[in-house]
Structure formats: C-alpha cells, structure tokens
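Each of the next two complexes has subunit A plus one more chain, namely subunit B in the first and subunit C in the second.
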Partner chain A sequence: MTALLQLHDLTAGYPVPAGLLSRDRLVPVVHDVSFTLEAGRTLGIVGESGCGKSTLGRAILQLIPTISGKVLWQGQDLAELAPEALRRRRSEFQIIFQDALAALDPRMTIGRIVGQPLATFEPHLSRADRHDRAVEALRQVGLSADFAARYPHEMSGGQAQRVGLARAIIGRPKLIVCDEPVSALDVSIQAQVVNLLMDLQEELGLALIFISHNLSVVRHISHEVMVMCLGRIVEHGPRDDFYAGPLHPYSRALMDAVPEPDPRRERGRIGLSLPGELPSSLDPLPGCVFASRCPQVEARCRADRPDLRDITPTRRAACHFVEPLR
Partner chain B sequence: MIEADLPARPRSELSLRFGRFRQNRLAMASVVVLTFIVVACFLGPFLFPFTGQDADFDAINLGVDFTSIHLFGTDDFGRDLLVRTLEGGRVSLTIGFLGALVAGIIGVMYGAVAGFVGGRWDRVMIRVIEILYAFPYVILVILLAMLFGGGNVALFLAIVFTLWLTPAVIVRAQAQSLARREFIEAARAGGMTRRQIIVTHIVPNTLSTVIVYGSLLVPEVILSESFLSFLGIGVREPQASWGNLIQAGRATMSTDIRLLLLPATMLATVLFCLNFIADGLRDAFDPNDR
Partner chain C sequence: MTDSLLSVRDLSVTFRLPEGEVTAVDRLGFDVAPGEVLGIVGESGSGKSQILFSLMGLLAPNGRASGQALFAGQDLLAMTDTELDRVRGVSMAMIFQDPMTSLNPYKRVGDQLAEGLVVHKGLSWRAARAEAVRMLDRVRIPDAASRARRYPHEFSGGMRQRVMIAMALLVNPRLLLADEPTTALDVTIQSQIIDILAELARDMGTSIVFVTHDLGVVARLCDRVIVLYGGRIMEEAPADILFNAPRHPYAKGLLDTTPRIAAPLTRRLDIIPGTPRSGGAMLPGCPFAPRCASRIAACEAVQPPLIGIGPAHRTACHLIGEAP
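On to the complex of A and B.
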C-alpha cells in the first residue's frame, strides 16, 4: 500500500521581487526534506523560530511554490495535478493556524466561514445543506449551533481555534497540518484543544502534522518527532526514542532549553544556553546548519554538511558524530 | 458544549459601526440637510410652471421677492434663479455621486487585483498609476474634454479618469496586507480560486476604507465639476450647473451679488454636509481612532 504522504527531497520557499517585468525569484527556505507519513499517525515537527517548520507545512499543502523535489499524496505527485484538480483535492489535506482569530474572515458569520470550503469540494450541495453540514462540523468540535450566526470578533481564542478546526474537518480530510495551533492560547485551553485534536484524530482517522516549539505538547500528541534547523531535518524518529535520548546536538540543546519547574535546578541550568550567531537562511554556509552554535563543532562540520543518515532502522540524524548502530 | 458569555444578538462589524455613526449628531444633521437638498434639486423644479431655461423677457433681473413666483428673482435673460440653481444641483449632484461611484468601483477592482495578485502584475499595474499621476490634473482634464468633444459625458469621463487613481492606490495597499492574513491562506487551502478570493474576501474587507474614502470622493468630484464648469470646459450654457451659475454670478458680483450667493451657498452647504458625513464615517470606521 502506498503511504498517505511522502516527501522526496522537497525544497520550497517564498517569492521575492525581481525586475519590473520578470517573474519573482524563489528563495528556498526548506531544503531537501524527505519523510513518509502513514494514515492516522501524528508527526510532530519542532525547531526554533524561523527554522522553516511552518514553511514546510505550507509547502506540503501546495500553498507556496515547490522549487524542487516531490510531494506524493497517496502516490500522486501534487505538482503534476492541474490547478482545477488540485483545488478539489484540497479537501483531503487541510490546515489550522497559530493565530486562530486572524484565520477567520471578520466580515463573515461563523456558519459561512465553516461552510465555505464545501462550495468548492461539494458544489452540488444547496445552501441549506451546506449550513447543516457547518452546524454538524461545529458540533464535532464542541460548539453549539448558536455559533453559526455569530461573528469572529465575538469569539475567544479557544473558540476561534475550534471554528478553524471545524472548517478544516468539514471536507472530511485525511491530513491536517496544525501550525502551532495552541501556542497562542492559555495553558488550560491548550490542553482542551490538543485533546480535541486527538479525539478527532481517533474518530475520523486523521493524520496530523503538528508543528510546535513546545516539546511537551509534541510529546503528548505525536507518534514521531522530527527536528528542523535552518530549513533542514536534523533528526527524525519515534517519539519515545527521541525523548529518551535525542541524537543530534541541536535536539539536545532544544531539550535543555525547556525551563525547569524547580528554581534551584533552573538556576544551575542557565549556562547551557547556546552561544554563537544564528546564520541567515538567505545566505547558507557550506557546512552543518548547526555548526556556528554547536558545542561539539570541529573543522569538518564547517566544511561539509552531514547527510541525514539512518542511525537505527527507525531513527535518522544528520551529524558527523552520530554513528549508525550495526 | 461551549455557550458562555455570548452577547444577546450577533452583530456584524458593519452594523456595529453604523450604530456608532448614528450617534454622531453633526453627521446625522448633515445627512438630513443633504437629503433635503437632494430631494429639492430633483423634485423642486416640478413645482414651478416654467423650467430654468425658459426666458421671461417681462421679468428680467428681478430682485428677491418671496411674494412673487420668482422667489429669488431672475437673471438677465429673465430665467428663474431658484429653479436654475436647483436644476444645476441636479447635474452637479448626479455627476458627483455617479462619478465617485464609478471611479470608486474601477479603483477598488484595479487595486484589489494588483495588491492581491502581486508579483510582476502588481509592479506593472502600479507603474501605470504612477505614470497617470504624473500628468498635471487640469491639463489632463482639458485634453480629455477636448478628446471626448466636450459636454457632460466628456466632463464625466474626464473626472472619472483622473479620480480613480487614489482609491486604487489605497485599496492596493489594503489588499497587500490582507493577502498575507491567515484567512486568505485558509481560503486557498479551502480550494478557492483567486477570483473568488478577491470577490468574497479581499473586496468586502476593504469596505470600511472604501466607504470613508468614497465619502470624501463625492465632494471632490462635485468640486472639480464646479471648478471645470467655472473655467468653461464643463457643463455649458444654457444648461445650468453650480459651477457655471457661480461663474455667471461672478460677472455681476459688484452690482448684484444675489446671482452668486444662491448657487455658492448651495454648493458650500453640500460640501460641508458631505465632509461632516465623511468625518463621521471615519470616526466610526477607523480602527486606529479607538
């Protein structure tokens, strides 16, 4: 059976203005990303701000242009689909956002926002049917039918995120890319939304790509964890293995950056923060993406970039010092 | 189910804002005065047994006399001044509102497409606007009026042609910032085409700005119509407009100020009203002002 989603050396980025009459130039932000995601599984993607996690999510959904490589959706190369066919296919892979309120058009009622995708995905539906489906989707995310007549400015953050989720599930998707869906919410609401996501995953058989910089949330929800640094994968493996002992020095630095609840231990920890500059993603250096800040750095780290190698049958890492186990 | 703390009745942002506008007394008074003037201009002339173009040679240069049929007197052809002013208002107001509407629609569509599509299309479209901006306004209007052969239609086209630029620039800036908002990305993920996104998301979200700017555009159009008619390249005699009535009044200003005063007062009142309304709309709609 073909996997739900497969990426082969995907490189993607954003357009930047070129000359008056020429097409915009594409500047790559994520480089050579390859992985496979099976139906119903959750992949957590972690990394610091600006490492390309969100860009990767958008590239998978074909919201930003692919520069090279492939996104195979159930074996079908999405780049080869005609625009019209891709539009209809979009019902199968959806997205929810960090700023949930900004993701809702302030001029529309909640019912219209949630039902809108059906106009494309199931154009034969009547207006009334669409409304019924919107109410049904709202119910699935725990909101009453009253919400359909409301406007976004009447929503709290948690309610807005539920509305976004209702819109994402209305077309019966197989994958939802969750782009930092809880980092803007209160801690108590975070737990509600994460648990709702997990319930929906079970109920609808969803695969999730959960992008976050919050390692404990990722630990709670993910089956696999992938660590990104400056647009590249540096480590990828099953959750329990990863949390038991991260392989890449960058992953260890991320783990160490999580604050300690115990103030005495927290005080002793501060010295571990990373020295060195974060290199510009627009002007990449030849070596390892982490070389400028790595505590173990050697000359060859700056000269050649380590490949992402299989360390065990299930784990991958990109570091010269992590040797494959035989 | 979550049902806590919802207000009694859902209200759209637009209805909330018009609610705020209604509390602005000056603006609401202006709406009343403006409505009265508009109704008077369009219906008033029917109350008189003659039109503004009927010359009554037995009643030349009559003064103000509220007991006679010529309430504000007549001009040197014996034409009734009040009726002429009202009929002139018809022309000026029609050109004003229609011109603002057409210029607004063209500007909004052009700006929304340029700002949302972006890239090289945007670069070319904004250059076109910049080039058109570079022409001196009056010279451009005179050239266009000559090109279209003069008359009301030429005047109208010339005004629209020069006044759609600013709304286009304003809407383009709005569309650019909207294009980066998450709800536009969600719309794309939801399979909408670019055209659908522009029509259902971009244009309605520029509405607040467009309403405010549009309300300032109306007096601008009326003023430029009057200005051009005053210069003699707009509405032509015997048809009246506020511009050419003021021009005619100016000629006799030193001997009989009456001919200047009535159309000038009407024009000024309308412009004041429109500006107060625009002000009220801006207070109600501008999110930076709260």
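On to the complex of A and C.
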C-alpha cells in the first residue's frame, strides 16, 4: 500500500528578488527532509523559532516552492499536478494556524467562513446544503448551530481556533497541518483544543502534522516526533522512545530546558542552562547545525555535517556520536 | 508582617469605559519579603499585568488604583509622580515581555544603560558607560564592550531581554517586577534568563515579583505563588505546597490541565470547561464559579473570603474551611 504522505529529500524555501534582469533566486530554508506519514497518525515537529517548522508545513501543502526533492501524496508527486488538479486535491490536505482569528474574514458570518471551501471542492452543492454541512462541521468541533450566524469578532481565541478547525474538516480531508494551533491559547483552553484534535483524529481517521515549540503538548498528541534545527531534521522516532531518551544532544538540550510544574525537580536545574544561541540560518556553517552550542562538540562536528542515519529500525538521528545499533 | 519589603493591601484597579467601569484587580493583598521570589500565575485577563502597572504608576490613563502598597514603608499609590520617579530610578524596576517597550531603537544600547546612571546617580558619562558594560557582562552578553556600541535591532530577542534586565539591574533595585519576560523566548533561552533572575535573588537579595501564565517557570523560579483568577486571589501558598497539595478547585484544575513532559500519559488531557472570564462587571460570587465543577449555590451568590488554611497558605473557596 502506498503511504498517505512521503517526502523525499525535500528542500524548499522562499524567493528573494534578484536584480532587474535575472530571475528571483530561491533561498532554501528547509533542507533534505525525508519522512513517511501513514493515515490516522500524528507527526509532531518541534524546534526553536526560525528552525523552519512552519516553512516545512507550508512546503508540504505546496504553499511555497519546492527547490529539490519530492512530496508524494498517496504516491502522486504534487509538483507534477496541473494547478487545477492541485486545487481539487486541496480538500484532502488542510492547514490551521496559530493566529486563528486573523485567518477569518471579519465581514463574513462564521457559517459562511466554515462553508466557503465547499464552493471550490464541491461546487455542485446548493447554498442550503452548504449551510447544513457548515453547521455539521461546527457541531463536530463542539460549537452549537447558533455560532453559524455570528461574526469573528465575537469569538474568543479558543472559539476562533475551533472555527478554523471546522473550516479545515468540512472538505473531509485526510491530513491537517496544525501550525502552532494552541500556542496563543490559555492553558485551560489549550487542553480543550488538543483533546478535540485527538477526538477528531479518531472519528475521521485524520493524519496530523502538529508543529509546535512546546514539547509537553507534542508529547500528548503525537505518535512520532521529529526535531528540527536550522532547517534540518536532527532526530526522528516514535514518541515514547523519544521522550524516554532523546538521542541527539540538541533534543536533550530542548527537553532539559522545558520547565515542568514540579518545584522539586525544577530547583535542581537552576544554573544548568545551555549557554549561547543558535547561529543565524542565513549564513550556514559547514558542520553540524548544533555544533556551536553542543556540549559534546569535537573538531569533526565543525567540519563535517553528520548524516541523518537509521539508529534503530524506527529511530533516526544526525550526530557523529550516535552510532547505529547493530 | 513587619519584615516585608512590599506590603499590598486592598489593591483594586478599575478602568473607566464608555459602557461603565470594569474592575481588573479586586481588593488584593499580599506581601513580598526581601530576597523572595513571588510568582503570580493566571490566565490572560486575570489582572496580572495591571497589578504590576499599578505599583509602577504605569496604568493606562482611564485606569485608577486604590488601596495601599507599602514599599519599604512608603505608600507607592499615594506618591506624587516626582516621588515615584525617584523610587523607580533607585530601588524598584520593571521588565516586560517585549523588551522593545523599554528600549529606544535609535540609541546605542550602552548609552541607554549609562543614561539612567548619569541622571539618577550623578555619575560621569565615562564611569556610567563602564558600569553599563559591566552590567551587560553580568547578564552574560558575550563581548559586552563592543555590543554596548550596537543598536537594539542588532540584538536577538534573548539578547534584548538581557539588555532590559541589565538596565533594570543598573539601579540595583531592591524590588524587580517582571511581567512575563520569558514568554516570547525559546525554551533554551528562557532557561538562561531564569538562571540570571534566580542568581539575582540569591546573591543580591533582590526581591522579585514574577508574573506569568506558565506554571513550569513558576516551579523553577518562585518561592511562593499566588494563583489569580478574575482579578482575585484564589490561592496563595509556598511553591512546594501549591504544586503538591493545591486546595482551590481552580488551582487544582490549572495544574491538572497543564501537559507534562515527564509524567505518565493520560489518554486525554484533563480540562477546565468554559472560557476565562474577561472584562465586565464583577460577579457577586466567586469569579471562578461559572466554570467550577464543585460549585454550590453560595458560590454564585457570595464572594468567598480569603482565609488561612495552613502556614503561609490561604485560599478563597466556600468548600474549604478555615484551619483551626
């Protein structure tokens, strides 16, 4: 069986305007990303700001240009689809954002916003059918039918995120890319939305790509976790293995930095933080992306970039010191 | 308490709006001892920032603070602007979530730091600049002497936050008010900033009031915690007690709903139903009552008083009785 989504060495980035006569140049932001995602599963992508998490999410959905490599959707290379064919397939993969409210047109009712994608995906539907489907989608995200008549400015942060989700599921997608969907929400609302995503996944068999800088939230929702640093995957593996013992020194540094609501554990960590900051992704150095901050760094880390290697049949890491088990 | 550095009583903050008056902070009282780190946690709109703004005299023009806030024996709320200015310049400072709110984008970082010393402490520019570099070095800005000649936009978010802390520390404050200074930072940078603040309290005896919505950060940094909801204290306790034996349903709910990185996984996260209250008139009863699973009739009708239930442990809930 072909996988739902497969990336082969995907390198993607943004165009920067060049001189008058030359063509725009594409500057890569994510490099050589490969992974497979099966239907109904959640891949958590974590990393610090600027590591390319969101860019990767957008590249998968063909919202920004591919520079090299492939995105295979159910075996089909998305780059080879004509624009019209791609537009029709879009109902199958959707995205929700951190700032859900900003993504909603303030002049439209919630019902119209939620039903709008159907105009493209199922143009034969009557207005009444479209409204019914919108009400149904609102119900699925826990909002009553009367929300359909309201406007975005009446929504709280959590409600706006639910509306975004209703709009994302209305075309019956197989994948939703969630780009920091709960980062702007209060903790008590964050838990409601995380549970909702998990419920919808079960109900609808959705695959999720859950992009977040919050390792605790990612732990709850993901089946597998991928860590990115300066545009590259440094580690990828099953959730429980990862949290029980991260392989890459960068993953470990991230995990150690997360403060847990437990004073006895936390007090012992004061004074142990990793010094330094990540270098800018714009002038990449030749070696390992984490070399400048890594407590284990050696000369070869600065000279050669370690490949992302299979360490066990299910885990991958890119570090000279993490040897494949044989 | 007589040994408090800051002693707040009956602090209310209200705002005048066209549709009437809203209460953001409602008759709050708390103390901060010298060298103590007090955490104030709450969801957005709970009034955290307004508490700090009222102490610093930084409320919006339509806002008004009442009550008493004795800082080293003097009432901050009764001071004239000139008096308050003097306190802010020499013994009390504040840091914000967005460092750019207190940095001037058009001035070299070193000069901005030095300026305060020239104005408030009468140092020469030369001495003040040297002191500024020393302070940048102390908040672990690499290569401080040359960085001091740069402009704020040439610094990363984490570095700007350090600059702001350095600026606050220049006055050698006895009290530092911190309004979510690490919320916008990556976790590894947040850890570095927490280290600096913890060191400051430990080595310099600086008292810190640290406002945040992140219980993890509170657990790492704070000695004592106030849990705020709808402008009122729900529970106040030493950190170990609050995290291990919370009593108020909201404090418990907040802890249970927070996802953890090192605890057994549950299939679903525990939730607090409903949404946080925002604005509007004060309810007659407990502000958390509409979302509380254990509420009884009295909760919506009568405000529960904040009562002592153990050493340094107070809570406001009709279901919890006073300690004998």
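Some points to look at:
One rule holds in what follows: the second predicted complex is superposed on the first by the 313 of 326 C-alpha atoms of A that agree within 3 Å, B and C clash if a C-alpha of one lies under 4 Å from a C-alpha of the other, contacts with A are read in each partner's own complex, and residues count from 1 in each chain.
One rule holds for everything that comes next: a contact is a pair of C-beta atoms (placed from the backbone, for glycine too) under 8 Å apart; a residue touches a chain by one contact, two chains touch by 3 or more.
The model shown is predicted, which means the values in this text are computed figures rather than measured ones.
When the two structures are aligned on the shared chain, A:M198 is found in touch with subunit C, with no touch to subunit B.
After overlaying the two complexes on the shared chain, residue contacts for A:L308 are found with neither subunit B nor subunit C.
Looking at the shared chain after the overlay, A:V29 reaches neither subunit B nor subunit C.
By the touch criterion stated above, A:A59 is placed in contact with neither subunit B nor subunit C. Once the two complexes are laid over each other on the shared chain, residue contacts for A:A102 go to subunit B alone; subunit C is not touched. Of the two partner chains placed by the overlay, neither subunit B nor subunit C lies in contact with A:L230. In the superposition on chain A, A:L206 contacts neither subunit B nor subunit C. Overlap of the subunit B and subunit C interfaces on subunit A comprises residues 158-159.
Of all residues in subunit C, only 43-44, 140, 156-159, 186-192, 194-195, 198-199, 213-221, 239-240, 243, 253-255, 257-263, 265, 268-273, 275-276, 278 touch subunit A in the complex they form. Taken in their complex, subunit A has these residues touching subunit B: 15, 17-18, 20-24, 58, 61, 63, 87-88, 90-91, 94-95, 97, 99, 102-107, 109, 116-117, 119-121, 142-144, 146, 149-151, 153-154, 158-159, 162, 164, 167, 171.
Within the complex formed with subunit A, the subunit B residues making contact are 1-3, 6-7, 10-14, 118-120, 123-124, 127, 181-183, 185-193, 200-201, 204-205, 207.
By the touch criterion given at the top, residues 48-49, 156, 158-159, 186-192, 194-195, 198, 213-217, 219-220, 243, 253-267, 269-275, 277 of subunit A touch subunit C in their complex.
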